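Reading through the structure tokens given below for one structure.
To keep things simple, chains are lettered A, B, C, D and E as they appear, and every chain counts its residues starting from 1.
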Amino acid sequence: MAEVLFFLASLGALAGAIGVVAVRNPFYSVLALVGHLLSLAALFLLLRAEFVAAAQVVVYAGAVMVLYVFVVAYIGGEDRPIGGPGPSFPSVAPLFAIALFVELCVATLGSGLKAIDGEGAPYVAGFGSPAQIGELFLTRFLLPFEVASYLLLIAAVGAVILARRRRGLEDEASADRMPVSVGDLFRPEPGVGTQAESVGVLADQRARAARQQDEGW
Amino acid sequence: MTPHAPHIDWAGLSPVIALTVGPIVVLMAGLFRREVVRRAVVPVLTVVALGAALGLSVWQWGEDKSIVSGALAVDDLSMFLNVLFCVGAIAAVVLALRDSSAEEAGHGEWHALLLSAVLGMVVLAGAENLVVVFLGLELLSIPLYVMCATNLRRSTSLESGLKYLIVGSVGSATLLYGLALIYGAAGTTSFGGIAAALGRDGGLASDPLTLTGIGLLVAGLCFKVSAAPFHQWTPDVYEGAPTPVTAFMAVATKAAAFGAFVRLFDVALVDAATNWAPLLAVVATVSIVVGNVGALGQSSLKRLMAWSSVAQAGYMLAGVVVADEAGVRALVFYLAVYLVMNIAAFAVIVARERETAFGDDIRSVAGLGASRPELAWPMTLAMLSLAGMPATAGFVGKFTLISASVQNDYAWLGIAIVIGSMISLAYYLRVIAAMWLTDAPAVAPRPVMAGGSPELDSTGDDSSAGDSSAREPGPPANGSGEGEPGAASLGRQPEVVAVAVAFGAATLVLGIVPSPLLHAARDAGRALGLL
Amino acid sequence: MSPTTFGWLVLAFPLAGTLVVALGWRALPGKLPGWIGTGAILAAFLASLGALLSLNGREGEHAKTVASTAYDYANTVGVDANLTILVDPLSVFMILVVTGVSTLIHLYSVAYMWEDRGYARFFAYLNFFVFSMLLLVLAGNFFLLIVGWAFVGAASYLLISFWYRRRTATRAGIKAFVMNVIGDVGLVLGTYFIFKHTGTLDFVGAFERAPDVFANNDGDLVAGCILLLVGAFAKSAQIPLHTWLPDAMEGPTPVSALIHAATMVTAGVYLIARMHPLFERAPAAADVGAVIGCLTLFVAATIALTQTDLKRVIAYSTMSQIGYMIMGVSTGAYAAGMFHLMTHAFFKALLFMAAGSVIAAMAGVQDLDRMGGLRRAMPFTFATMVIGGLALSGVPPFSGFFSKDEILLAVGDRGGWHWILYVIGYLAAFLTAVYTFRMIFRAFYGDPVPEARELEAGHLAHAETPVNPMTGEEEDTDVGFPGPGHFIAEREWPMRAAMGVLALGAVVLGFLQVPHATHVVDHFLEPTFAGSQFATSQPSDTLLWLGLVLGAVLGLGGIAVAHLLWVRRPELPGRIRARVEPLYELSFHKWWFDEAYDRAFVRPARAAGTWLRERFERWVIDGALVGGPTAAVRAGSSFVRSIQDGYLRVYAALLLFGVIGVAFYFLVVST
Amino acid sequence: MALSILIWLPALSGVVAALWPARWAPRVTLAGAVFTLGMAVGYVVSFDRGAPGLQWVTDRTWIGELGIHYKLGLDGLNLFLVLVTALLFAAALLHANLRDWERPRLFYAMFALAESAVLGAFLAQDLALFVVFFDLMLIPFYFLIGAWGRGDRVRATTKLVIYTLVGSLFMLAGAVATGVIASQGGNSLSFALSDLAQVQLAKGTQEWIFLCFAVAFLVKMPLFPLHGWMPDGYRAMPLPVLAVFSAVLSKVAAYGFLRIVLPLFPDASAHFQDLMLLIALASILYGSILAFTQTDLRLILGFSSMAQLGFIVLGIFSLRPEGAQGALLQMVNHALVVVPLFFIVGALAARAGGSEDVREMGGMAARAPVLAAVFLIAALANLAMPGFANFVGEFYILLGVFKAKLVIALVASTGVVLASVYMLRAFVGAMHNRGGAGVESRELSLGEAATIVPLVVCVIALAVYPQLPLARSQDTVKASVRSARLVANAP
Amino acid sequence: MAIGWYLAVSALIFAIGAAGVLVRRNPLVILLCLELMLNAANLALVAFARMHGNGDGQVFALIVMVVAACEVTIGLGLIVAIHRRRLPVDVDELRELRG
């Protein structure tokens, strides 16, 4: 049973991965990735990582992919040919990939660790449960946990800086109304949404002030 | 089973706390509408936060402990590096005072990012856990990706940001995979556990799984320290990023990555040293050659410094390779020296970028010796020091590195350092030659001299310097009429000159009286408990 | 006063004269520099006499060899290079000859060089030369000998190039100097060979130790002595280092008289005599000296037969005569060699002075072809020249007759293959008489040339524009060229006085050493050569009388032949020349030595230099050693930068490539 | 302490010159140099001939972690080199004072710094300190040549500096290796020469370190075939700079052999004796032959210096006290004679319309007897005519080589002959023969005479009494070659 | 299933992601490929966690998800900024910096 599930899930994951790389339309790439992620979540479940699997579905397939879709929609998923003019090497890219794959396989298969050939450590109740993960996060991995949350804050700030609208940078015609900032999408998580918002407000105010002073960027 | 909250050593954590609180405060301050708050208070607060972290790190000097359940090490090595990050960041803040990138991004945000990057470095340098390593690395990288791109008006800035992001993420992913393999081999993420596992089971240190993991780690970390052949992002990003960011990135990222390097390799993976040391020595040599060779004939000073940093990374790798106390001491000392001389050089580049129409082209410093010796001297000292000339800090730094290499039977690596230095002379001397041996180019520099001597201009205009200069946007020069007084007052840039002079002087002083710093470096070297 | 005190004084006077004249050149008026110079040398001569008397007054073993050290000159690590002079009969003999002849030549020059723009400079140089020569002679160790040796070379150079704007003169100067340096080097290397074994540079010490440390014909000793001979040959213009001497005639005539006839060129003879304790333990080297001397005396005599330059004829005769001396001292006839050295100094100086007078009368012309019939216009000059010529030709009872025959007697007495030298010696004596009188007859007999006529009319000829007698280039009379004035013996008393004294000497000095009658020179030099194995040899009377008769007959016969050829039948020489054209060419081109050296050394050196500069420097030093690494680095640079092509995907690829490479390495090293 | 003053006095004067008004710069640095000269004379006078070892030792720990000491000391080996350095820098500064320079403060400050660095290199008794000063010497010269040079100065300077620094960096590696490897036997890390001399390195180690040092020194001198920088560099340098560069810097390298290489690496010195002798021999012949075909007076002197340095190295690597004594004396001599010669070249160029090509000169002696006389004396001294101390030097050098390697001495002696050819050729070409167009014969001006004549007087004085340095150096020189000699003479 | 199989799948995904970075020109897709690489690592981490029976790997995987989200955010922000700046959204055309 587990073998079949594994087979199916990994097939899905690989297919999704190949889809991401091989499909020309970015939008379909995103969809392929969603498929990939879901398959991966299944694999996680097989590995008894319930919480990770859940987070995978919620955060990735849910939040992050939505962001992707937004941006793809905004940019307009132009079809860029794979390869095409440019550096002449891409023909060897698959070789690189194969070499990498072979090396990693050799590393794992050639390892003297017996456990790799086994099915894993004996299952202990509660392994991979939210409770266990939560405990780890609050004890041994307290600092990473805090730092990770902080990282999210900073990423939000960074995204705001980058994606904020500025006068003179973009074509006036295309300046449709956009979300105040892509960082808004993260508002619930780190809980600093006001920050992002006010930054956006500030940007508008500054833009207005700049206009009044007529300095003309 | 009731989980017990881990004991937290607040004193040890204090630098981290300072750097966590700092960005928040700065971010808040950046929301104030008054110009003066954003322009003056934000940098001051940033400097205060950095100063606090610096002071707290110094306060924690001499401690040797592991805090927050073994996540972070508080020892002389991490404290030493903390000081370096803070000093580099303070210099970057000062250099960025009039920079358009901070303006673009918003002062609060820009400085918050800077502080976050410093936090990431502190975390990375002290990390004693694979998870923390990865997080620290990302925490320092992500703000930098953004900061590289903050000069949004220049397409090169965006380009550099994107390149850094993508190539950097590939590097991170590689590193991550390596971490995963190490974890898989050792079964734990803590350094102590890994070292114990490797020490316990002799076969594990030469197991393909471990070694492939190490290989991926080498690639990831070498990417961060920009050692060849993982260096290619460096020139492009250095050139494209706003110069104060480049300065910070050059000195601090390298220090942080090397901090992680020594801790990871010389503590956790030291039992596999016989396997990884020769490879690192080869990477060091390749870096030395590639970096120095690539720097030849560059006309962009930032690009030149980037290539030079590739070479310098190669020199410093020697300190990792030898994996003993002397090696760490040499590495740490060199990191400090590298910081001092690079900041001096970048300060001059910043100053000239704003003063001339040549940007960071080497022509911007032509004839500097005659026109602005206060800038020419720091640059000269920095170049001499980078080249390893005596009486500068770089000489002592190279001396210690070669000494450490020879001591551990890597004499050939010492020779490689020496040969690299020979090649490097060609481009360092070119900069010096441009400053002292050639005349300023015929094209008039951007500050307008029409009003007479530059001295007159600046003395009459000092009070309004802050305001008028701030409105002066980045290159290219836009207004012929309105920009003039601002440009003239920019001609002096006292804070940039001060940084240049201070760090130039430090280059000289550290070359003549290196003992205190060497003492500190020795303590830092002992922190790892190596031979 | 002790002999050495006199010795130091002998050195001090000329040095003082040099300094006074050289430093006061602008302050000293008129002929004062000349008189100061002459006075200094005269004082040195008097001091030499003092040394002679003082030395004669000493009795006892080794009493006649006195050394004195002024101070440690360069005395470290076992090398005793001190400032030491050695006063013994040999050196006293030499300083007497040197100072005596020098005084007269200075006197001559006071008048002869007047109106030359370098008057003071001339006397400064001349005094410096005398100082150097005296230093050479008085040197008490090898080191000081080398110093004196080089100093005379330098003085010689300065005086040859005295008219330094003449390219011919400067070229001759360089040639002379370089040849002399070759000699110096030989001397230095020879000294090394000897010092290596004796451990001292001091003459007395070295000679004492020589018998203990050197076996007979010891390899190192022979090598050392031959190298010393190289020094002697260079200085004394012996084949193969002789080519500078004829060219040295570019110098003013008194210089030729003093340096290139009477004193300096005989230094080689002195050297061999001085080193006789060494040469006697290295007979192989001594034989080399004898053979080379003989070769030189013959070759020089043949060359002198066809030269047309007045001074060069005399110069070749000097070479030839020195050949006799070298041959003599190399075969053990030390006293005879020194005796010939003295007589030769007198008559050769005299001949040069007379020649100088003739040249002055001809307004600088030296070519015999343009001379003739000067006999009546210049009776005094003619007379002195004839006296000198007779002495040179070895006609009894002139001084040359006795001294030359004594050398040949000693050579003949050695027997064996030395007989060849003996025969060649007499053959050359015949040739000597021929070329000497060829010169005299061609200059003084025949139809008077315009200059002679003018002089008879009471006017000294002056060229309209002065020219270089060798090349015909026009010159001025400013400094660096000969002055406007010409002075002849008939009109200037100092010249006459000097020539008169010398003529007297040329006539009477031979009587110091008449066989079976007087042995002044032998006796005087006896203490120096007492240890010699040849000191006691007594030639047979048969050989003695054979020599005397042969010498007289050959001398007179030569004169007769010359008279026949150049006075009675002037057309004969041309016919003879046509008959033996190759021999004539050989003689006229001086046996092609110059050409051979040019081909063998000068041109290859110059070609090598040019090749090295134009090619080697560019290709190897700049190209391979500098350009090679530079090009490699540049190539590396362009390669590295060509990869850095801006394509993000390339960067990622290289990164992954690195990852693959690193991982590969680790897989390879893993178990 | 006292020696520190000697070293840093010039630099101090340079700093003062840089801070004071520009018109004072020349005088201030000159005064500094003259004071230094006075001190150096004082040291020579009060030098204790009998005392063994170093005198006036200053020994402080500079960088304790690296075992680097600030150790200075005088002994017979460097006593006269220091004196000559002080003298020649004073003379060169005086010469520089005779004309105006752009940016005088920087010029004079650099000049003074150069003197400090050279003195430091001579006085350093710590290997690392020596390396520091050795490299430091080059920095002021980089500016002096690059900023005030002639012609293609930037390129020439870069070539010169990189070329010589390449050598120096090799030396740095060698020096570090020496100290570190010497400390591996349980000794504490120390770069003091006296400590290093206690430790005998393994032969193989000595050999590669020797090569590092040899490259540095040979480039600096320069000897064949590492002289690629020399022609361009010599052509580009301003005259006072060239004078001290050629006179003093090359001697630091030769001194390094005696001070460092022979005592510390005796086995390697003996092992590479033949190689070094051959390089020296090649330099003598090559330098002489090239000097013989050059027409640029600077290059004639340059290649002549190369030949002279060939002799010096020859003497050193005879590994005998005679040769080393001669080499040391010859260093002093050559330094002393080459500076007036370069000044004379300057004087000649001023009279030949700025050209330094001997073909465009001639006949200059006519109205300038003093110039001709000093030129002649200097030229004769340079070609080592007996009677000059240069000859004493060469005599000793060749004697040493003669005893060590007979054939090499014989071949080397041809260099003496060639020297006479090229020196006389230069002298005659400039002073004698007929003057070229545009050549004026003018007597030395007072200023020119003030720089040239005292030096020539020094040359003569040394010619009269060469025992002065020889007597003071003999014990030290013997000590410095002792161990290498023992190895070389061992069967 | 043996852990090795999971690791093999993980390695394959990693390689595919890497290949994608190399061949795609649209930065958006490249970001997706980076996600693939990070997810491959995640799979490995979780597999190892299962193998050793401790939670470290899972925690690590969660952290990686956070980091991946951050990178994506920044990456997308940059792409938007580039697009706004009217620069081509094509990595091959962003090569002003080179040499």
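In the analysis below, a contact is a pair of C-beta atoms (placed from the backbone, for glycine too) under 8 Å apart; a residue touches a chain by one contact, two chains touch by 3 or more.
Just so we're clear, the structure is a prediction, and the values are computed from it rather than from any experiment.
**Student:** For subunit D and subunit E, which third chains touch each of them?
**Tutor:** Joint contacts, listed by label: B, C.
**Student:** Per-chain C-alpha centres versus the global one: which chain is nearest?
**Tutor:** So the chain nearest the centre of the shown protein is D.
**Student:** In terms of CA centroid distance, which chain is the most far removed from subunit B?
**Tutor:** Measuring from the centre of subunit B, the most distant chain centre belongs to C.
**Student:** Measuring between mean CA coordinates, which chain is farthest from subunit E?
**Tutor:** C
**Student:** Go ahead and name the chain pair joined by the largest number of contacting C-beta pairs.
**Tutor:** Summing C-beta contacts for every pairing gives the maximum at A-E.
**Student:** If you average the Cα atoms of subunit B and of subunit D to get two centres, how far apart are those centres in Å?
**Tutor:** 43
**Student:** List the centre-to-centre spacing of subunit C and subunit D in whole Å, with centres computed as mean CA coordinates.
**Tutor:** Here subunit C and subunit D have centroids separated by 37 Å.
**Student:** As a quick test, compute the distance in whole Å between the mean CA positions of subunit A and subunit E.
**Tutor:** 7
**Student:** Take the average of all CA coordinates in subunit B, do the same for subunit E, and state the distance between these two points in whole angstrom.
**Tutor:** For subunit B versus subunit E, the centre distance works out to 26 Å.
**Student:** Would you give the residues of subunit D that are in contact with at least 2 other chains, written as numbers and ranges?
**Tutor:** none
**Student:** Would you give the residues of subunit A that are in contact with at least 2 other chains, written as numbers and ranges?
**Tutor:** Counting only residues that touch two or more other chains, subunit A contributes 86-87, 89-90, 93, 96, 100, 103-104, 106-108, 110, 112, 116, 140-141, 144, 148, 151, 154-155, 158, 160-162, 166, 169.
**Student:** So which bits of subunit C are touching at least two other chains?
**Tutor:** If we look for residues of subunit C contacting two or more partner chains, we find 641, 644-650, 652-653, 656-657, 659, 663, 667, 670-671.
**Student:** Every pair of chains that touch: which are they?
**Tutor:** Chain pairs that touch: A-B, A-C, A-E, B-C, B-D, B-E, C-D, C-E.
**Student:** Which positions of subunit B touch subunit A when the two form their complex?
**Tutor:** Subunit B residues touching subunit A: 1, 3-6, 8, 20, 23, 27, 31, 33, 68-72, 104-106, 109-110, 112-113, 116, 119, 123, 129, 131-132, 135-136, 138-139, 142-143, 145-146, 149-150, 152-153, 161, 177, 181, 184-185, 203-204, 207-209, 211-213, 471, 473.
**Student:** So in the complex, which bits of subunit A are touching subunit E?
**Tutor:** 2-3, 6, 10, 13-14, 17-18, 20-21, 26, 29-30, 33, 36-37, 40, 43-44, 46-49, 51-52, 55-56, 59-60, 63-64, 67-68, 71-72, 74-75, 77-78, 80-87, 89-90, 93-94, 96-98, 100-101, 104-105, 108-109, 115-124, 127-128, 132-133, 136-137, 140-141, 144, 148, 151-152, 154-156, 158-163, 165-166, 169-171, 182-183, 186
**Student:** Within the complex, which stretch of subunit D touches subunit C?
**Tutor:** Subunit D reaches subunit C through residues 159, 163, 225-229, 231, 286, 289-290, 292-294, 321-322, 325, 363, 365-367, 369, 373, 380, 383, 385-387, 391-392, 395-396, 398-399, 402-403, 409-410, 413-414, 416-417, 420-421, 424-425, 428, 431-434, 465-467, 470-471, 473-474, 477-478.
**Student:** If we count contacts the way the header does, which residues on subunit C are in touch with subunit E in the complex?
**Tutor:** Residues in contact with subunit E: 641, 644-649, 652-653, 656.
**Student:** Any idea which subunit C residues touch subunit A in the complex?
**Tutor:** 645, 647, 649-650, 653, 656-657, 659-660, 663-664, 667, 670-671
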